[in-house]
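Read from first to last, the chains carry the letters A, B, C, D, E and F; within each, the first residue is number 1.
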Amino acid sequence: MATVTPEASLNALPRADGSARYSYAGYTVTASVNGPIEAQRRDEHAYEAHVDVIVRPSAGVGGTRERHLEFILQSSLSQIILVKNFPRSVIQIVLQVESTPENAYVNTKLVQASLNLPIIPALFQTAVLALLSAAVPMKATATSTVVAVVSDDGSKKIVADPSPQDIREATSLHVLAFTSHDELLLSESEGDFTVKEWDGVYENAQKICCQTASKQDGIDMVLDDDASSPDMRHFLRSTLETKVASDLHWK
Amino acid sequence: MPITILPPKAFRDQPPRHSLNHDSDDVMSDATSDSEDSDSQPGGVSLDGGATIHPRKRHRSGAGAAASSTFTKRPKTNAAINSIPRSAIVTPGERITTDPQWMRGHGTYLSSASLGEQAITSSLAGIVTRTNKLLSVRPLRARYTPEVGDLVVGRIVEVQAKRWRVDVGSTQLAALPLSAINLPGGILRKRTETDELQIRTFFAEGDLVVAEVQQLFQDGGAVLHTRSLKYGKLRNGVFMAVSGTGGGGGVVRSRRQVWTLESANNGGPIDVILGVNGYVWISKHVEPVVPEEAKGQTGITNLEEVVSATMYSSQNDRIEPETMREIARIRGVVTALVENGLRVDEDMVTKGYNEAVELALVSADGPEDVYLGGERGEQLAAALTAV
Amino acid sequence: MSSESPLVVLPGETIDPSLIPTHKKNPLRLGPGLRHIPPSEIVPTVAGQLVVDHRKTSMWIEYNGGRYIPSQGDLIIGQIARSATDFYYVSLSPYTPNATLPHLAFESATKKTRPQLASGELVYARVSLANRHMDPELECVNSSTGKADGLGPLKDGMVFDVSLGFARRLLMAKSREEGKVEVLEALGEEGLAFETAVGRNGKVWVGSESVKTAVMVGRALRETDEKGLGVEAQRKLVKKLVREMR
Amino acid sequence: MAATVPAPSLSFSRPTFAKLSPHPYLLTNLTDPENPCRTNGRAPHEARPVHIHTSSLAHANGSALVRTGDTTVVCGVRAEILPVTNIPQYRPREPSYGEEDNDDSADVDELKDYDLLVPNIELATGCAPQFLPGVPPTTLAQTLSTRIYSLLHSCKVVDPKGLRVWYTPPKETREEGAMEVDEAQEEEEEEEERKPELKAYWVLYIDLLFVSFDGNPFDAAWTAVMAALRDTKLPQARWDPDREAVVCSRSEEAKMALDVRGLPVACTATVFLEKEHGEDSGSSAERKSRHWILLDPDRLEESLCKETVTVVVDCSGEETKVKSIEKHGGTVIGRELMRGFIGVAEGRWQEVKEASK
Amino acid sequence: MPLDTSAYSLALLRVDGRRWNELRRIHAQIRTQAAADGSSYLEMGHTKVMCVVNGPSEPGPRRGATSGGGGGGGQSKNAEVAVNIVIAGFSSVDRKRRGRGDKHILELQSTISQALAASLHTHLFPHSTINISLHVLSQDGSLLAALINAATLACVDAGIPMTDYVAACTAGSTSTYAANDEGADPLLDMNHQEEQELPGLTVATLGDSDRVAVLVCESRVQVSRLEGMLAVGVDGCKQVREILDRVVREKGIKMIQEGTVERGVGLNDMELD
Amino acid sequence: MPREAEPSANEKAFLLKALQDEQIRLDGREFDQYRPLELTFGDEYGVANVSLGKTKILAKASAEVTVPFADRPLDGIFTIATELSPMAAPHFEVNRPTETEVLLSRLLEKTVRRSGALDTESLCLVAGQKCWSVRVDVHVLSHDGNLTDAACFAVVAALRHFRKPDTSMENGVLTVYTPAEREPVPLGWLHSPFCVTWSFFGEEGETALLDADWMEEQVRVASVTISLNRHGEICQIAKLGGVPVEAVALLQCTSVALTKVKEFSTYLDDKLAEDAKRRDKGGFMAELRAENDRIVG
């Protein structure tokens, strides 16, 4: 029962500095953010904060693929966090996967070694939300999405937020993330595709991640025509607006 | 599979030693013991509370004369052996008294007895001692607890900015401040920044020192000083640890903790340092080298001037094999004393050493034989306690 | 929510220059949540509501949550971690580097008369120095007047954790009007005798003769904070608490 | 007392300068008016030449040694028999998976679910100071093995058919409809009633060992894997019903080469930014700041760059096929640069192709 | 399956011939290791353990850095009680290797540490550590109890002040949890076989009070039977305490005889003056 | 590692004073009162989200076919994994177990596994060759005290809610069916044990509280965890040292615990029934939605 529109709740974990629970397209992830806190000597950096990302699978022990995800997220998130503001400290992000979309047609093994692109947007989005709820100073926000190129009878078509079954049949799979300045922050693709296809993918992803109504009045914004997938940036904004509103109810 | 562990050596057949002042006690204890439990016989009860607060005094009298007196009344004490009342020992949780006139001292705590009255209760297995109205329990055995004025042997374990941390076998590391040592160039010399920078040149980790306890912190930590020629870095010898004055044999506080012993088989003079904390240092005796010109005016200050040159060297002088052998022999004696639960002090060590020399003579390979373990040790101990 | 639609900003969003207050003499003052990128860019670093004060030519982001980041002049409640030769190590929030509080930074303190604080005791202090490259420094005395102005060790009492935003509201000059917090007044009106000290680091110390009172105050503060109660709700809450505690 | 250190200036000997402040050092080199180049003397888009030696290991079914600059990797492929009875989650393949379009994805499952390809990377060989021997694998090692593993699968480099060991029992009928289809693909002249059974698989253990390490491990590792796989030969294996086991023939000529699809080549670059530490610049300012894209970075360069991009391309076909893109750690490389970089990767492909002849 | 212990109901005798409320033979010594500050050796039936105590002592600089895990060491106001247990491979019938991280052993260690810390006067020894290391030579049930008793003895021997002995033993019940008969008798001090077949618990009390320091039950049993078992267990602890106390006294008296310690004031001499 | 935060001297003193002199807890609870316990099930089978006040736990059950242990060929494999991540508190490090973690996992082990709540023999597929390996992962999302009771509840809930793929054996060939082919089946469950933890305060541990929060846990002098099932069977008792407590008090604790356990038991049954109804109703709808996802994506 995958959720059709993304849902998020902030500060779900009362004892963390910041936290978020995000569920979309069958993925549910909870993230906690603590920091800036004292860094251990081994990851202490004289000029900037160390961003420590931990990804924990819902079942089974984390393996090499989790390390790889952590690596990707860490390098991307430390780009949008103002790490230089907190030398010798660490900003600790723990991402707990709660549920992943089930594929009713296969019994998959618990521990998988291959890298897991489709989960990245969920992890990434949750992390960003958690960082915002922890009020960690940031350069910019960012949004991410996953699209698949599926060939149905000859012609290729691009599917956003593909289901497990789509992914099995896709010829290529792409994860992209953009900063709120429309810069390409992260791009991971696997499969078999041409430069032209990637261009298509890029445009599609950018539409999902970047285009939004004018920032001044974020409430009433125009959703783009094909409602295949929501406008992530708008989603991010409205989520935060509700948070700020409830935080500052007294204003 | 039945496994057996040998209990520590005990002298069922050996009579206990008694010190003179015990005689007087016996009289009293007769009087008292009847009132307590009938089966109690004169067992050398020491009611002399004073004894416990002035341990040195007692040992002085004890250690010195014990030898002569001990053996005179074997028959009597033989009878007394199995008859020491259980009450001689208190154990943890045992009520000592609920009588409010007493004050609780070391090794005791207050527990609420019936209807809110407080009982002084033992927190140790040991013997009750009292000083006026102060009741305390001296443990059968414990780690060394420092007292001001104790002479201790210690090992440097940590070097800090202005002080050393020294292991003296206590529950905490002792502190030796840089300000509390003799600096090369005489006692009058002021401490300088450079001294702090080159603190390791005086004592480094692992160095052994003999020092005196100068003062105590509230939490029981000790502060040492070596501001005297007797004290300072130790060289030319061998270190050994036996249990200290915490209780249960080993080194006891006595008249002299440090003396020079003229060894047999031309081993030459040998220094013995019995740290009150149970750390022992046995080394070749080295005369302070006093150059010719100093010979004339023997002022203690400029004597120090000269000596201080070698004060912090970690170099051993040449030690002749004979001396080494005798040092080893003395070490053997001390070990034997401890293994056989005898007290370690100047008197016992000296007598023990002489015995050891005798033993060596009768043995196959003569003075070369320094082995004093097992049988030999027991022999030695026997000889010391018997005629 | 409030009548005039508040302007919510996210990190990195561009602020309409027309909003940036200008003044001939006094320069623009940037509050928390904003950073200035030369030459003339002003960018939010946190998600919150942009507040512009044209009179004071200052602007800042109003937000709640996160971990306390020391900044100069803040009043904080710290916990003595341990004592060094001439200063105390004080913890402001768990897992962060300790701040330092000189032994002599108390009212009329000398080597002899300085307060002896054991680890675990609490102090009400002001952040005298804070920058990213050094551990923060504290003082319990106004360096100019030499007076304590209420700073110093906090004896007995209880500390309650609240959100940073709530602590800020409590610390407002007119916490009642601007901050819309009335619990304390309400509790006072119920005839409860207690004193409080509020730390910017999200800690409120409540001292009172009666344990009950202190607990009540604590619960009132926490609930007001966690449930985000309005003025009326706060008064109701107080009534309720008083009823069930008596 | 320590002498006061003079402010870093070019009065230092080059190596000292490089050690003291690597970033400015590299920067001055790149901005050198007469010949801008990297500290290693290469031009920004110049990669180190590749050298490949294959079948150098006697006991491996296939092996390769790859050297690019001072980064050297040895890869050994070892094939072992895995009887299906030893696969807990083994399941006879369903008819539905016989259809052509599904077949591929089904194969992928076979390789993945039964772990028929097992890459393993050893970095702690003292090949570089940062990898201490005798400690748990570093993040880099784990990341690398994940990337190799998934690239192996996503490129469908190995054809699972080549790994199956069949057995056709003497006349007797079993209800194994599933097999008919595959069997048709396997051997042509088969009578209908003899239904082959899948008895075992070949498992390929692909071990990578870094002999020396000077940056850009992935490209080297992947090149080594491909070379080793193409070098791999599997002995003739058949199921012996009496012994209930698989037996392999020793004869050399009976060995048949593993069929490897295509030649994907990895190409990595890092982005070097003008500013090092100091204040974070705002978004706009950042876009203005200068940067260089350094192809095939060495260790020094990797330590100074955050943003990296890896593209895997295969130009065997008439049209260039991109197999994988990995880009993270920065915002410099956008759409255009990516397009351009894929072009660079095609160039790299040619070089590697030459080398692997 | 038929239980060997089921024979109990006939003769009211247990597999090893004891009655329901009988302890096995307890043999103990203290001062078994000259080198250590305190040491002990203890047998409860065929369960044999030895214990060595070192400290209280202040950890050196390097070790000081690592400690502090067990809520002690370093700068703490109380001494840390660090317990280490080694179970010999030959100690039980099936030789199973137990690794460092064996959770069961870690649990035992923490239990013993916590139990003793409650009795030992650790506040007297700021920022120091008491190291208790236990070796299991032979197992025949009541392991935890034996370990606690041995540790207590060793601490007494080391002369570490404590409120009172922490004495432990086990208690069981004569029929399995399934058989829900109320008539089940409680059993004192279970051996290995009984532990395998019958529900039981380990209990440790402080001195001869009814105050329970440790209560560990790892088998299914009707709640109604807890009271009986606990009562028997607590009573057993008091017996054990007496035995431990005797061991200490005898040792002490022996030392007086040997003259290593001189006598002090007898308790009852107190009233004299 | 970063230091664990300790409550200040004032807080400790105050908390004790409140408990002992005034018999009040800071959050106004009764001494034997739990914080509100909430259980929600996820969309998939075997996911239980439990929150006890500010303590939040996620338990996920999973199963896969594997080879049984050599020494127990007729049993399946059942493991409970409790790894505390920095999410619980920054001082917890991944794969470096703290004492808290060890004791927690031991308690769950004894309560759920050793008490035979799950019928492991029913997990055997092919004797000595193939069996189910059932695994529960306990994730502490937020640590505000009394992890044990919450975690135990979550584990039991997750396991009872879990469904493992259906299997069949025909002429020696084992087939594991996908959810699409056959509806998964529940585990062989024998009884439901729950943990109840008492915390003791004061010189002689005379004051006893149920469900202590983190602050209270840091001040307590001893604690006992009692595991029972609704049939009044003790599965485990653990008072692992700490200040000694009167034996009689422990008996009282146990009897109170039993009533609490019965409450847990009924609460869980209701929740399971509720969820079953929901699924049954949503069953068809779910299918539909799943379809949509695949088309629309």
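Assume a contact is a pair of C-beta atoms (placed from the backbone, for glycine too) under 8 Å apart; a residue touches a chain by one contact, two chains touch by 3 or more.
Just so it is clear, the model here is predicted, and its values are computed rather than measured.
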Q: Give the fewest steps needed to get from subunit E to subunit F, where each step moves from one chain to a chain it touches.
A: 1
(Q) Need the most distant chain from subunit A, centre defined as the mean of C-alpha atoms. (A) B
**Q.** Most extensive contact between chains (C-beta pair count)
**A.** B-E
Q.
Centre to centre, using CA atoms, which chain is the farthest one from subunit E?
A. D
Q | Centre-of-Cα separation between subunit B and subunit A, whole angstrom | A | 71
Q: Take the average of all CA coordinates in subunit B, do the same for subunit E, and state the distance between these two points in whole angstrom.
A: 33
**Q.** subunit D-subunit F separation of Cα centroids, rounded to whole Å
**A.** 43
(Q) Taking the mean of the C-alpha atoms as each chain's centre, how many Å separate subunit B from subunit C? (A) 60
Q. Which residue numbers or ranges of subunit C touch two or more of the other chains?
A. 12, 35, 43, 95
Q. Where in subunit F do residues touch two or more other chains at once?
A. 2, 64, 90, 176
**Q.** Multi-partner residues of subunit D (at least 2 other chains)
**A.** 89, 282-283
Q) Which residues of subunit A touch subunit F in the complex? A) 1-2, 4, 12-16, 25-26, 28, 30, 32, 34, 37-38, 40, 54, 56, 58-62, 92, 94, 96, 98-99, 101-102, 104-107, 109-110, 148, 159-163, 165-166, 228-229
Q: Spell out the residues on subunit F that touch subunit E in their complex, using ranges where they run on.
A: 97-99, 102-103, 105-106, 109-110, 114-116, 204, 221-222, 224, 228, 232-248, 250-251, 254-255, 258
Q: Over in the complex, which subunit B residues touch subunit E? Could you list them?
A: 1, 3, 5, 7-8, 10-11, 14, 16-19, 32-33, 35-37, 40, 43-47, 49, 51-52, 81, 84-94, 96-97, 99, 102, 107, 109, 111, 123-130, 137-143, 157-158, 165, 167, 170-173, 219-220, 246-249, 338-339, 341-343
Q. Which of the residues in subunit F end up touching subunit D in this complex?
A. 64-67, 129-130, 173-176
Q | Parts of subunit C lying in touch with subunit F, wherever the complex brings them together | A | 79, 91, 94-95, 118, 120-122, 154-159, 205, 211-212, 214-215, 218-219, 244-245
